[in-house]
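One chain, subunit A, links the two complexes that follow: it is found with subunit B in the first and with subunit C in the second.
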Partner chain A sequence: MSELYTILLLIGAGYIFGNIGERRHFRSLRAREAETLRIPTIDIDVVDQARVVVEARLVCGQVTLAVDYFRRFAGSIRNFFGGQMAAYESLLDRARREAILRMKAEAPDCDIVVNVHIDACPIGKEKSKGRFKVTALECIASGTAIRYAQK
Partner chain B sequence: MKATPTIPDEQVNYAKHSITLELLMLLGALIFGIWIVFLFSTYLVAYVSTLIPQDAEHRIFASSVSGQLEMHKHPANPTVQRILDKALQTAPEITLPLKAAIMHAPFPQAMALPGGGILVTEQLLQEAQSENEITWVIAHEMGHFRLRHHLQGLGRAVILMGISLAIGVESSISRIFSPTIQLLRLQHSRQDEADADAYALDVLNKVYGHIGGATAFLERQQSKAPALPGEGYLSSHPLSSDRIAQIRRLGNLRGYVELDLVAKPADLNPPATNQLSP
Partner chain C sequence: MIITNIPYLPGYTIEEHFGLVTGSTVQSKHFGRDLMAYFKNVFGGELKGYTELLNEARQIALKRLYAQAESVGANAVLNVRFSTTSVTSGAAELYAYGTAVRAQKVSHV
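Up next, the complex of A and B:
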């Protein structure tokens, strides 16, 4: 029974602190996305031929977000039944958006970032029988930042 | 082409429903499933236990029970055995050969050993006020044999262990499975104890013609250690107060009365009045 109390305590702490952290992160994401709205991220085959490219370089953004105990527990229960893993979806969304924002931050004076590639990688430890316990998620966004000549 | 930057809908990429509600629903389903499995194992084991003769149970556990009883040599063992034999005369449905012995222990307790052994601690015998009280305690243990609680407990443990192994010891499901099963087993154990109390009441009435002394042991336990809040849910035995209430209720329902008690045999008295230690 002491193990049950410990688990309940961890779930409660994970729920409280995880939700606080998530809300704070979403607020920060919204604010910074508004600031970097002027830098679009799109896929293109050729650059704008009407404009002169002054600079084109690789930019990368990377973030590692930990999974709180509540979401990890909720995800493991969902894993038993199958279906949409809602517990991890907001984490993936935050990780992707944060990686993109950090990628843009590497070239704040660029005009556009093209051909962005996003990669997500779970971090954790392997349990027995090939099962993997996810404790964190790493997301990397990379693209080409292009700065055009001023008109 | 002109690109117009906009902030996208934030909740496109993740679920709009509450994860907490989802978790509660899934946990509820899981616990319900575990409860169904436990119920199934309980009924299956209860049915199978009726197919196993009492003599077979004795044969399975004979060597271990005789070894355990051999460890507890006490000069007053024949007295306790006599009380047990007197109770057994009123219970022909018990064909299992039962043997009683006294255990040197500083706490008042009695226990039934699989295979037909009943151990009663020296402290319990010293604190008992009458022979009726000792008979009730022994009859309670007889009830466990009559109702096949040992076999059923063993059978349930085997089934549940198999399920635990299938789920996996380190999985998150096992962290829900194990405590849930433990709570269910405690609840079942409390029911077993209540059933044994009911059986003991009938035996006591058959031996003495009344049920005087049935609640004495429990009343003493209750006064020594009052129950903590919530203790009843985490205990393998019902609260003493609940057991006393149930005994009195059953006694009234069955029309039993309480009359004068029979004095405790002299050799079961505390060492100050009689030498008990071998």
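Up next, the complex of A and C:
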């Protein structure tokens, strides 16, 4: 019986803190995305041939995000019935946007970031026997920051 | 050493190719960080310890990439890619690879 209470408590805690955390994160993402709108990021490798390039360097941003207990529970139920797993979609979205923002933060003085690649790798602890399983997603965004000479 | 992930270098001409250079590392965090990740899995959110781990791993992998590129006589590495694998629980492999070249700056008139 106490086992059940513990799981219910964990689900409740996950629901409350997970949602608060996610809302806060989305708010911060939107604010920082608005701030860095000046630097475009594109995933093709084009450089303006008409302008002189002063600097081209590799920039990276990485983040590791964990999904909360409630979402994992909701995801496992959804997995049984099949269909869109909204609980995990927002995690992926947050991780990718955060990684891109951190990459941009490495190039505050640049004009454009080209050839952006996003690489995601799930971190799983499948072997652990207990109730806990670490399911997290790590995301690396890499690109080439280009700085043009001032006209 | 100039590093980019585009297959050319703007403002430079490529004089010589040296082929693929790589750098990889497997990193893990101490027990305390793993424990914190366990707790964080209830509430969700960023696993700062693992982000830090990834950051260190990337720097080490790039350092090894530089060392290899320098040993073949290159001054730039182009088309650098990263790849990650979680080898075992709590450890991550980070692999960086790119093409080592010797580049010469084009003088602008």
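To be clear about the criterion, the second predicted complex is superposed on the first by the 140 of 151 C-alpha atoms of A that agree within 3 Å, B and C clash if a C-alpha of one lies under 4 Å from a C-alpha of the other, contacts with A are read in each partner's own complex, and residues count from 1 in each chain.
Keep in mind that, in the parts below, a residue touches a chain if its C-beta (ideal position, glycine included) is under 8 Å from a C-beta of that chain, and two chains touch if they have at least 3 such contacts.
Here the structure is a predicted model, which is why all the values come from computation and not from measurement.
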Fit or clash - subunit C, subunit B, common subunit A: fit
Where the C-alpha centre of subunit A sits as vertex, the angle toward subunit B and subunit C in the overlay (nearest 10 degrees): 120
When both partners are placed on the shared chain, which of subunit B and subunit C touches more of subunit A: C
Partner chain in contact with A:V47 - subunit B first, subunit C second, else both or neither: second
Contacts of A:I7 with subunit B and subunit C, given as first, second, both or neither: first
Contacts of A:F17 with subunit B and subunit C, given as first, second, both or neither: second
Touched partner set for A:R71, first subunit B, second subunit C, both or neither: both
Minimum distance between Cα atoms of subunit B and subunit C in the superposition (Å): 15
Overlapping contact positions on subunit A, where the subunit C interface meets the subunit B interface: 71, 127-128
For the subunit B and subunit A complex, residues of the former touching the latter: 3, 5-7, 10, 13-15, 17, 19-20, 22-23, 26-27, 29-30, 168, 170-173, 175-176, 178-179, 182, 234
Residue ranges of subunit C in contact with subunit A within the complex: 2-11, 37-38, 40-48, 50-51, 53-55, 58, 80-86, 89-90, 92, 108
Partner subunit C, residues of subunit A touching it in the complex: 10, 13-14, 17-18, 21-22, 25, 45, 47, 52-54, 56-58, 60, 62-69, 71-72, 91, 98, 114-115, 117, 119, 121-128, 132-136, 138, 140, 142-144, 146
Complex contacts: residues of subunit A adjacent to subunit B: 1, 3-4, 7, 15, 26, 30, 33-34, 37-38, 40, 42, 71, 73-74, 76-81, 84, 86-87, 89-90, 92-93, 96, 127-129, 131
